[in-house]
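Two complexes, one shared chain (subunit A), two partners (subunit B, subunit C).
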Partner chain A sequence: MARNRHLQAFLLIAAVAAVQLATMISDTQHYLTQLTMSGYYSLVIIGLCLLIGYAGQISLGHAGFFAIGGYTSAFLTTYDLTPVSDKAFIAFLSRTGMLVSTADLYGGQVLHLHPWAACLIAILLAIIVAYAIGGPVLKLKGHYLAMATLGFGTIVYKVVLGTEQFGAADGISEVPEFALLPGIAVSGKLSMRIMNYYIAWGLVILGVVLLSNLVHSRVGRALRSIHGAEDAANAMGVNTGRYKLNMFVISAVFAAIGGVFLTHYNGGIGPSEASIMKSVRYVAIVAIGGMANLWGALVMGFVLNFLSLRGYFGSYDDAVFGAILIIIMLFTPEGLLRRDLFSDIRSLFGSGKDLEEKV
Partner chain B sequence: MNIELFFQYLVAGVTYGTIYAIVAIGFNIIYNTTGIINFAQGEFVMLGGMTAVTLHAFLPLPIAILSAVMITMVIGALIEITFIRWLISPSVLRMIIITIGISILVREIALHIWGAGVKALPYFSGTAVSAISIGDVHISPQVLWVIGVSAVMVICLNLFFTYTLPGRQMRACSANRDAARLCGINAKNMVTLSFVLSAGIGALAGCVVSPITYVQYDGGTALAIKGFTVAILGGLGNSMAAVAAGLLLGILESFSIWVMPTAYKDVISISILLLILFVRPSGLFGSKEAAQLKEF
Partner chain C sequence: MAILAVRDLNKRFGGLQAVKDVSFTVTAGSIKALIGPNGAGKTTLFNLISGVLSPDSGDIFFGDMQIEGMKPFQIAEKGMSRTFQHIRLFPNMTAIENIMIGRHTHSRAGFIAGMFSLPWTWKEESRIRSRSREILDFLGISGLADSESTSLAYGQQRIVELGRALACEPKLLLLDEPAAGLNIKETAEMANLITKVKNLGITVLIVEHDMSLVMNISDEVIVLSYGQKIADDVPLAIQKNTEVIRVYLGEEEC
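On to the complex of A and B.
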């Protein structure tokens, strides 16, 4: 089993490198921009896949966590601290190297928090919000859970849309690049395109390996028992409430990291990133990827986000995702790329022996 | 604050509250017969308003509204027959996702038909500036239309469910679906009927309120969330309590403008939704025991 997972991770790395080489050979390097962005969206999607597919809890508000990450980071790295630089606390931050100064469009200097500090605060904030909201929300089931998470997402959307400090309908722009290490930065600069592609997909590979280890551990078995029959799991001594909450927080962190990095990559974030349609889109991709199938969600997150970002769906962008949701749920509620799909196909063509084994 | 302003806010709150109540009743009708929450409920309101505006270009107002309501009812029936009727005991999660998908599709189709602009029917009587004055309080006649039509709708629905055969059959289905089927009631047709009914009342509400609030292709989601808040506040399935809860939410929201910027108006009602869900999911007027018997 473990060797199988190593093989999967290796194949993923090979695929990521192959895509980059393919764009190089076919001289379509401009695709890398969208490929990088879909990487960050895929990070949200694999986190959500853990929550929906494995823990069996739907969330229609994950764009809210994405926006919490993105907006916190964008706000902290663009808010000019120069007027208050003589305050003791700011001076202390400055001495510890947590502040950096960058040039703005008009040649002035903006003193702001270092992206690393902003990133950590953003993730911390997402964790706090996820714990605060997840506690009561995850006690709910079915319609109530869906509506409560939808409500959470709407609140985040309305707050970022209605707050002057977050740029209202315009969002926050001129977010500086995120220097991870000297020479390595998350930035939309053309010269760093290939590097950023690898940063994004490196993060995705790291995330998917972490999650796939998680679902193949004791935690994963507990989660599947929750999904199957929550009361029974409880009776067997699985602390279902704690597992659900932890998965909710983990998926929120994935969404927030995606938000932070994409915001630095794009150099800005707008309120549409927090919209309900984004949350629904993430759910749609998890559904078509096969619900409880990290690799399926990853593949679909890659393909659909890329097609959508390249504008292949035209003005029917949202409609495509709505239609995907309906069709998948009507005909294959277990998802399209579900785990036993291949054995199903094999049993269609194979001998009766396979069928008996399956039963 | 002065007393005139107080009444002005009150009237605005009651107007919005009635619409939320109608949407909540639409939720309840479908929930009672099927046990599912139709996330596309707000889209019926939007469809009704939009269709009426289009038809009013070449039809007199009453006929345009009547036809718009009819068309929306047919759409409601088509949605049920196409997407829901043939599913065999679907899970709640599946139904949530399907109705969300439907609401997105309807919205996107509306966007392609009517564009992204706001539309409105003319005022039913008088104009935008005409007002009935009681002392220093000025009330638009359209407000009376909204409240009046909604009141008539609620009374008619009540009569329908109490005295007519289809209404009683629908109630039988909501009480016990299997027993109703054993008595020879076609439960599947009752589900279709419930979609037709809630599409109809949603569309009519969308028509009467459109001169005040305008309709836009994406107005359905916000209405659906508020309607759901009201339905929960009153206790899911309880239509009379939904009216009281609707007025309550409308008035709360209207007065919230005093303490918070207008942009956060929706945040108030959604926070109430979350609070109610966390603290008292059976609703203000619902009984806890009854709520435990229902499947969410």
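On to the complex of A and C.
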């Protein structure tokens, strides 16, 4: 099993590099922008895939966590602290190197929190909110859980849309680049396009490896047991409430990280990122990838987000994802890239299935 | 010595008193059966003991621990495991994976250890797997290890569920109608397995309708009727108990 997973991770790395080389050879480097963005959306998708597909808990509010990440980071890295720079706390932050100064569009200096600090605060906030929301709502099941998470998503959307400090309908712009390390920054600059493609997909690969490990661990098995028969899992000693909550929080962290990075990459974030249609889109992609299929969700997350970002669905964008959800639920609830399909294909090559059982 | 002691247990659902002032003990190392007509409160009593329901009043002692009101997973951690009247295997999991879930309380890899696949978790996983294989062997179903649980025959599913409960290494095993839906041959096989489990030193409390099974393997039998205990004795005495005969077969003048 472990060797199989190493092979999958290697294939993923190879595929990521191959896509980049393909854009270079075919002179379609402008695609890298959307490829990078779809990487960050894929982070949301894979986290959600574990929550829905493995732990069996639906969330129609994950755009909310994406927005909490993005907006927190955007706010903290654009809010000018110059007028209060003489306050003791701000001076302390400044001395510890937590503040940086960047030039705004008009040449003025903006003193703001370092993106690393903002990023950590954003993730922390997502964790706190996820625990606070997940604690009560994960006691609900089925439709009720879906409705409660939908309610959460709606609240986040309305808050960011209605708050002046968050730019209301305009969102927050002029978000500075995120210098991860000297010379490496999450930035929309053309000169950093290739680097940012690899930053995004590097994060995705890291995320997939972590989640794939989790799936194949004792915890993954316990999560699947909760999905299969929650009462029996509990009777076998699985603390079902805590497992569901932890998985919910982990998926929220994945969404928040996606939000933070995409916001720095795009240089801004708007309220549409928090909208219900975004949440529905994430669920639709997990569904078409085949609920309990991390790789299927990843592939579909990449393909559909890329097509959507390139504008192939035109003004029917949201309608396409709604339609996908209906069609998948009606005709192939196991998802398009279901496991049988893979083993069907493998069986075409003789002893493929035996091989899988041995490794 | 009593491994389980239930004292004055009450549970009411609206106007229905499902369990009324029930007290009994289960001796360590024995097989005790719980019988009674449909609706007598047997499954409610089971759910109270295993933590699915909380009693309205009364005490439940497991060893020297008072367990009423605890969550099922906490009671499982203390060493009590159960099967279900309607089989509750995990679908989309193989037989051995189902049994591996039973090892949950005896292993500890958490979210962080799992995500980073820490080296010590590999050893733990292989221990879980090998112990689960031993249980499959013990039950004589090692050939079914990699079959999807839902594709198994009904009788085999019952045995896998028994294996899952055994994997917890319980001190007390609760079996809720283990022979329900089984034919005569399968019932006899199940009786054998339960006796084998007892010989491991595991105490068994069993709810069952099948009288041949109950009378053959039990050391003691409790009879419930309308939520109340009407008899608690060795099988032979139960068979002669006029009150028991009355609730099972009806009044003579009927």
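What we mean here is this: the second predicted complex is superposed on the first by the 342 of 359 C-alpha atoms of A that agree within 3 Å, B and C clash if a C-alpha of one lies under 4 Å from a C-alpha of the other, contacts with A are read in each partner's own complex, and residues count from 1 in each chain.
Please note the rule applied: a contact is a pair of C-beta atoms (placed from the backbone, for glycine too) under 8 Å apart; a residue touches a chain by one contact, two chains touch by 3 or more.
As the structure is a prediction and not an experimental result, all values here were calculated from the model.
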{"item": "Subunit B versus subunit C as contact partner of A:224, first or second or both or neither", "value": "second"}
{"item": "Partner chain in contact with A:325 - subunit B first, subunit C second, else both or neither", "value": "first"}
{"item": "Which superposed partner A:210 touches (first subunit B, second subunit C, both, neither)", "value": "second"}
{"item": "Subunit B versus subunit C as contact partner of A:10, first or second or both or neither", "value": "neither"}
{"item": "Which of subunit B and subunit C A:312 touches, first, second, both or neither", "value": "neither"}
{"item": "Which partner reaches more residues of subunit A (counting touched residues only), subunit B or subunit C", "value": "B"}
{"item": "Which of subunit B and subunit C A:92 touches, first, second, both or neither", "value": "neither"}
{"item": "Touching partner for A:136 - first (subunit B), second (subunit C), both, neither", "value": "first"}
{"item": "Contacting residues of subunit A [partner subunit B, same complex]", "value": "58, 60, 136-137, 139-144, 146-148, 150-152, 154-155, 158-159, 161-163, 168, 276-277, 280, 283-284, 287, 315-316, 318-319, 321-326, 329-330, 333"}
{"item": "Residue ranges of subunit B in contact with subunit A within the complex", "value": "36-37, 39, 83, 87, 90-94, 96-98, 100-105, 107-109, 112, 221-222, 225, 228, 232, 261, 263-264, 266-267, 270-271, 273-274, 277-278, 281, 295-296"}
{"item": "Subunit C-touching residues of subunit A, taken from the complex the two chains share", "value": "2, 210-211, 213-214, 216-222, 224-225, 227-229, 231-240, 246, 250, 292, 357"}
{"item": "Residues of subunit C that touch subunit A when the two form their complex", "value": "50, 52, 71-73, 76-77, 81-82, 84, 88-93, 97, 100-102, 104-105, 107-111, 113-117, 121-122, 124-125, 128, 146, 164-165, 168"}
